[in-house]
Each structure stands twice: as structure tokens, then as C-alpha cells.
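After this come two complexes, each holding subunit A, first together with subunit B and then together with subunit C.
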Partner chain A sequence: MEKILIEATARTPKFDFDPEKRTLVLSGESYPEDPQKFFAAPLVTIREFLKQKHDGLVQFNFQMTYFNSSSAKVMMDLFSALEDCATEGNDVMIEWHHADDDDNMRELGEEFSEELVNAKFKLLTFN
Partner chain B sequence: MAGELLSQEIETLDWCETLVTQGLEFIPQTDFLRITKDYRRLLKDLQRILRISDRNELRLQKMSEELQTEKKRFETIATRLSSYLPSQVYDSIFEGKQSFEVKSQRKLLTMFFSDIQGFTKISEALQPERLTLLINEYFSEMSAIAKEYGGTIDKFIGDAVMIFFGDPETRGHDRDALMAVQMAVAMQRRLSELNIKWEKEGLPYPLITRMGINTGWCTVGNFGSNQRMSYTIIGGEVNLTSRIESACEPGGVLMAYETYALVKNHVVAVESEPLPFKGITRAVRTYLVKDLIAEDKANEMEATLEIPGHDPINISASQLSLPEKLKLLANLRDIANQLDHTNHDRENS
Partner chain C sequence: MNGQSFLDFRNELSNRGIVFTYSGFLNDDILTGIGNALRTKLALDHTDSKVSRGIFSAFVEQVQNVIRYSAETQGPEVDEEGVVTDDPLLNQEIRYGMVAIGDRADGKRFVTCCNMIEQKNVPKLQASLESIRGLDRKELTKLMREQLKEGPPEGSKGAGVGFVSIAREANGDWDYEMVPTEDPNMFFFCFEAYF
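Here is the complex of A and B:
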């Protein structure tokens, strides 16, 4: 499985997936003009990855400052897939990073994590 | 939105439809549980998306309001700043035509200088507050006339005014020169009227100005540094204009030959003695404006004023200098206004 690195733009986030390290970092702002076009291919790879058995920690970091509804759907699906991955016996950690003064992003992280039972979740701040 | 982003929902729906087409009488509990689980998940996702959408809308609304406030603040600041710049320069900045670099160019311009004769004496005779009101009223009146004739007000230096024609907009060199001369005459005319008003308000001395006009090549543009610059004109011809103004008779308008050559068909002027200026090798030919050429040939006017009980007064316009003509005009208008006012009171009593 290959790495995926998509650099951030004004409207799309940085998408940094490393299957060897079992990490994903999604950071920046996300309101792509064509969400289907931006997310479709990476999501296929991520879903396939999360269906596999892993020997070490699977860690996904979210460091978003703004996202639209389509991007929210993508993140909810990722949370759901991560939870399923943890339910299958994998060690899964989700980190949700938000700006110190961004209550909105903090609340969203709390909402997304409501369904998590087996996957671990951390809420972290940055300046 | 479709395709991969909703692939799981589409998969669940397809599976349900498959179950329907199988025509089963009973759906196994496991299948039903799967359907309800997926449906519950879908419902929760929808609720979250609605909340996110509503929050984003509120955020956008707030940003829009903040932008509106900033826009109003900017407009207020821009309006205040406009008072510190020539209106033509201000307009060209907002139309995107003005460069913000310390940059200049050579242009043929008509320049105007004026100052108030004996201003020191006047300022010593008045209280500072009265002097401020007077000078501001004077500048306001002159500025309005400058704007009317399309002049770019460069600066006010004490009691002096510097205006130029031909930049940032030009109407052609001869038209620019004519506008400058017409503006000067209009200013002198207005000043004659204002002096009558100010005398009634207690001003001990009238404001008498000297005006100088010259046409020549100057360097115009932004001078200074990138942190602080001034839009102005510089060059030998600018200095010459100032000297011509100093040599002008009080109440008059003196122009260089270069300006006269462009306006001679529209202005009545008398050649003065060539003026020697320090630092300039040639004697500068100058022309004193007598009047503007009007179509009704008002300069040839000869009239006799007959007032019962008084000797008749003969008025020959051609024998009057510009300052004398303008002062006479102002006085006659004032007398006419007073008489009209008196007559009006009598009719109403």
C-alpha cells in the first residue's frame, strides 16, 4: 500500500497518510469545490487499510481549523471506520487537535467521538 | 454529492432493495438489526451535518457583519483622508490609476501661485481665532473655485496657494492654461465680494492677493520616501511661477509669455516690462491680465450712471485694471443688493 501526501491549498487540507507508520494527519481547512473528486481516491485506500489487521498502534490525527458539511461527512465516516477497526481488535488512537480559543472545533471533536467505544480518543489544543 | 462519499449508505440501500426483490415473507432479525443500525448511524450523521451547517452559516453571517463594519470604517477613514490630498489624486488612487511608488514624470503643466499681500499685518491685527476663521473661509472659497476649473490643489503654504493644471488629468495644454487664467480671474472676483462681506464683519484690512501663472515643463509625481510621500511638482518653472506671482501688482493676475501664447485669443492682457530674475539668464516676458474676452465684448463697455441729485458717473471698462474692475463690480452688486433689500422692506411695510 502506498503513501498518500496531498499538500494543503487554500480550500483543501493536508492529507498525509503513511501505511508503514500506520498514521494519517489531516490538517488545515477543508471546503473543496468538488469533495467527491478530492476525497474519493484517498478514502478507498484508507478504508481498505482500516479493514486489515495491524501489529502496532494505528494513529489518526485531525488538526482542522475549518471544514464544510461534505468534509464533516468524510470525517464522520473515518471515525466510524476507525471504531470498526478497533472493534476488530486493533489498537487505535484518534487525536483531535483544536486551537486554544476555538470552542466550535472542540465541540465538533466531542460530537464525533460520542460513538467511540473501542477506539481511544484524545482532545488536544494548539496555539 | 454521491459516489465514494456516500458509498456505505448506497451499499446499505442496495442491499435493502435486494432483500425486497427476493420477496421474503420474513426478514431475519440479524438483517433487520443491520438495517436499523445503519439507519441510526445515518440519522446521527445527518443531525451532525445539520448542526455543522447551521453553525457555519452563523459564522458566515457574523463574518459578513464584521466585514460590513470594517467597510464602513474604511469609508469613513477614506473620506477623512481625502481632505489631505488633491481631489484628483484621491480619485485616481481609488480608480487604481495612481502609482504608489516614489516615481515621477515630466509634463507640460500650467502652474498657479497666489499669496495675500500684507498678510503679516493682517495676522497681527486679528485675534488668532478670528484669523483662523478668516483664512479657512478664504481657502475654502478659493478651493471651490479651483475645483470648479479643474485645478489640482498642490498645497497651502501659510497664506499661499499652489495649484497646477494638466495632471493627473489634462484637457490639452491650451485648455489647461485657459482654465488657470479663468480660475485666477474668478478668484479675484470672488475675493472682491468677500472683502465687502468681511469689512462689514469688522475686518480692518481687505485681503488683496497677487497671482502668478506660468506654463512649462515640470517633474510631477510622488516625491519623498516609500514611508512618507507627497504628490507635487518640482522644477525651475515652478520656482519661476512663484517669482512671477511675487512681481504681480496687488489684486492682479500676472502670467508668463508661455501661458499668454496659449490663451491670447481668450484674454485681454497688457505686456509688462520684462522681469529679470536672479538665476535666470533671460528676462522673463510677462503679461498682466486685464479681463477675459466675453462674447458680448464687455471690455468695450462705456456707461453713464445717473443718480437724481448727484453728478452723473461715467464708467469706461477699458480704462480700468482688473482689480479696479472687480472691486467696482463687487461694490455695485452690494449696493444693488442693499437697495433691493430696502425696497422690499418698504413694499412689505
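Here is the complex of A and C:
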């Protein structure tokens, strides 16, 4: 499985996936005209990756400063796929980063984590 | 030329506290452009970061609603076989709407978007907005998760959670109106969020 590195643009996030390290870091902002157009192709790989059995920790870090509601759908789908991956017996950690004073982003992370039973979840603030 | 009428128009906007406004056909580039200027203005005014984030977010959601759903639409151009032309200027769709961002007399800021909607779509939109009226931030956050999980409602192109998201960021302080127009098939839909 190949690495995926998509650099951030003004309206799309940096997408940094490393299958060997079993990590995905999503950072920046996301409010593209059509989120499907941006996310569809990389998410095919991610879904395939999350269906496999892994020997070490699978860690996905969300370091978003802003995303719109249609991108929120993508985040929620990722949470579901990560939870399924954990339910299959993998060790899964989700880190949700937010700015210190960004209650909105923190509350969204907390709310999304309600979907998780088997995946671990950690809230962190940006430095 | 009637410069005075434009000055009067400008003064009318300014009397209503409007700092940013756009009325006309919109596309995604307008969203990017006004959005960047809006962020700069909020930063130069040293606006509280939470308020700034809320205003920007409401602006994005509302303008994306206009771009997706306004009933006044033009393009893309198609040939006799109904195939969309390759011309990069003609193969796009633009939709008419209004955006206004400004300050109320009491110091609160407003983000307003208006567009025409077809009468047949009024009851459904009205019902969906009334269903979230009075909900507080916590309830709206929970609803947002539920809607994101269930997927978009029928007939929607987005996640269907745009209004829930705006209402949430505005801590439940929002309102809307469906204003009848001369055309019985068209209503003027205005949505406003306060920060």
C-alpha cells in the first residue's frame, strides 16, 4: 500500500497517510466546493487499509482548524471506519487536536467520540 | 449617471450596519474571495477569535446553500444533444443570492443570506428549520452527529446539516423568513445568524 501525501490548499487540508507507520494526519482547513471530489480517492485507500489486520497501533490525528458541515460528514465516516477497525481487533487511537480557545472544535470532537466503543480517543490542544 | 443614488444606496447599507454585502450571481470563487476579505476585516478589527470563527463558518455554510439551492440559476450551457460545452466560461452554473454581514445597534453581528426558493420547497425547508428552533448548543451538537451518521436527507446535495451547524455555532441565535414575491411560485428565503 502506497503513502498518500496531499499538501494543503486554502480550502482543503493536508492529507498525510503512511501505511507503514499506520498513521494518518489530517490538518488545516476543509471547505471545498465538493468534498467528495477531494476525499473520494484517498478514502478508498484508507478504507481498504482499515479493513486489514495490523500488528501495531493505528493512529489517526485530526488537526483541523476549520471544516464545514459537508466535510464533517467525511470526519464522521472516518470515525465509523476507525471504530470498525478497532472492533475487528486492531489497536486504534484517534487524536483530536483543537486550538486552546476553540470550544466549537473541542465539542465536535467530544460529540464524534460518542460513536466510539473500541477505538481510543484523546483530546489535545495545539501548542 | 446618478452618483447620488449610489451614495444613498451606500448610506442605506451603512445605516443598517452592513459592512460586507454582495447581491448577484454567485459561484464558489466569490465565496473564497469574500471569505478572505471577511477574515482580514475580522482580524483587523481584533474581533474575538470565537466570534470570528462563528461568523466565518456561518458565512461559508450560508453561501454554499445559495450556490447549491437558489432557485434563480443560470448555466451551464448545453448543445442540442444536451451535452455540456467544454468552454470553461460556459460550462459552469451560477446562482443568484444576497449576502450581508454587519453589526446590529446592540453590538451583535449578523450574517444574512437570501435567495429565491420555489413555493413547492417552502413547507419542507420550513419544517426542517422549525424542528431546530429553540434547540441549544448541546442539543444541536448531538443532532449534528446523528444527521451526519444517518446521511443526507432526500433531495439534499450536502450533508443536510448545514443549518444545524450554523444554528449551533450561533448558540441557537438565528432566525429566518419566507417572504412572498409577486410570483406565487417563488418565495424570498432569508436566513440570519447572530454572533
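Couple of notes before you dig in:
One rule holds in what follows: the second predicted complex is superposed on the first by the 126 of 127 C-alpha atoms of A that agree within 3 Å, B and C clash if a C-alpha of one lies under 4 Å from a C-alpha of the other, contacts with A are read in each partner's own complex, and residues count from 1 in each chain.
As a convention for this text, contacts are C-beta pairs under 8 Å (C-beta built on N, C-alpha and C of every residue); 3 or more make two chains touch, one makes a residue touch a chain.
Remember, it's a predicted structure, so these values are computed and weren't measured experimentally.
Once the complexes are laid over each other on subunit A, subunit B and subunit C cannot both fit and instead clash. In the overlay built on the shared chain, the residue A:K73 is in contact with subunit B and with subunit C. Contacts of A:N61 after superposition: neither subunit B nor subunit C is touched. Applying the stated contact rule after C-alpha superposition, one finds that A:E33 touches subunit C and leaves subunit B untouched. Of the two partner chains placed by the overlay, only subunit C lies in contact with A:D101; subunit B stays clear of it. Of the two partner chains, subunit C is the only one that A:A10 touches; subunit B does not reach it. Using the contact criterion defined above for the overlaid structures, shared-chain residue A:N118 touches neither subunit B nor subunit C, since it reaches no partner.
By the touch criterion defined above, A:T23 reaches neither subunit B nor subunit C.
In the superposed pair of complexes, A:V44 makes contact with subunit B only, with no contact to subunit C. Note on the chain A alignment: of 5-13, 23-31 or 59-67, the part of subunit B that runs into subunit C is 59-67. Taken together, the two structures place residues 68-70, 72-73, 76, 80, 104, 108, 111-112, 115 of subunit A in contact with subunit B in one case and with subunit C in the other.
Across the complex, subunit B meets subunit A through its residues 1-6, 8, 41, 44-45, 48-49, 51-53, 55-56, 59. By the touch criterion stated above, subunit A contacts subunit B in their complex at residues 35-36, 39-41, 43-44, 67-70, 72-74, 76-77, 80, 104, 108, 111-112, 115. Within the complex formed with subunit C, the residues of subunit A that make contact are 10-11, 31, 33, 66, 68-70, 72-73, 76, 80, 99, 101-104, 107-108, 111-112, 114-115.
On the side of subunit C, the complex with subunit A involves touching residues 28, 32, 36, 49-50, 53-54, 56-57, 60-61, 64, 137, 141-142, 144-145, 148-149, 151-152, 158-159, 161-162, 164-165, 168-169.
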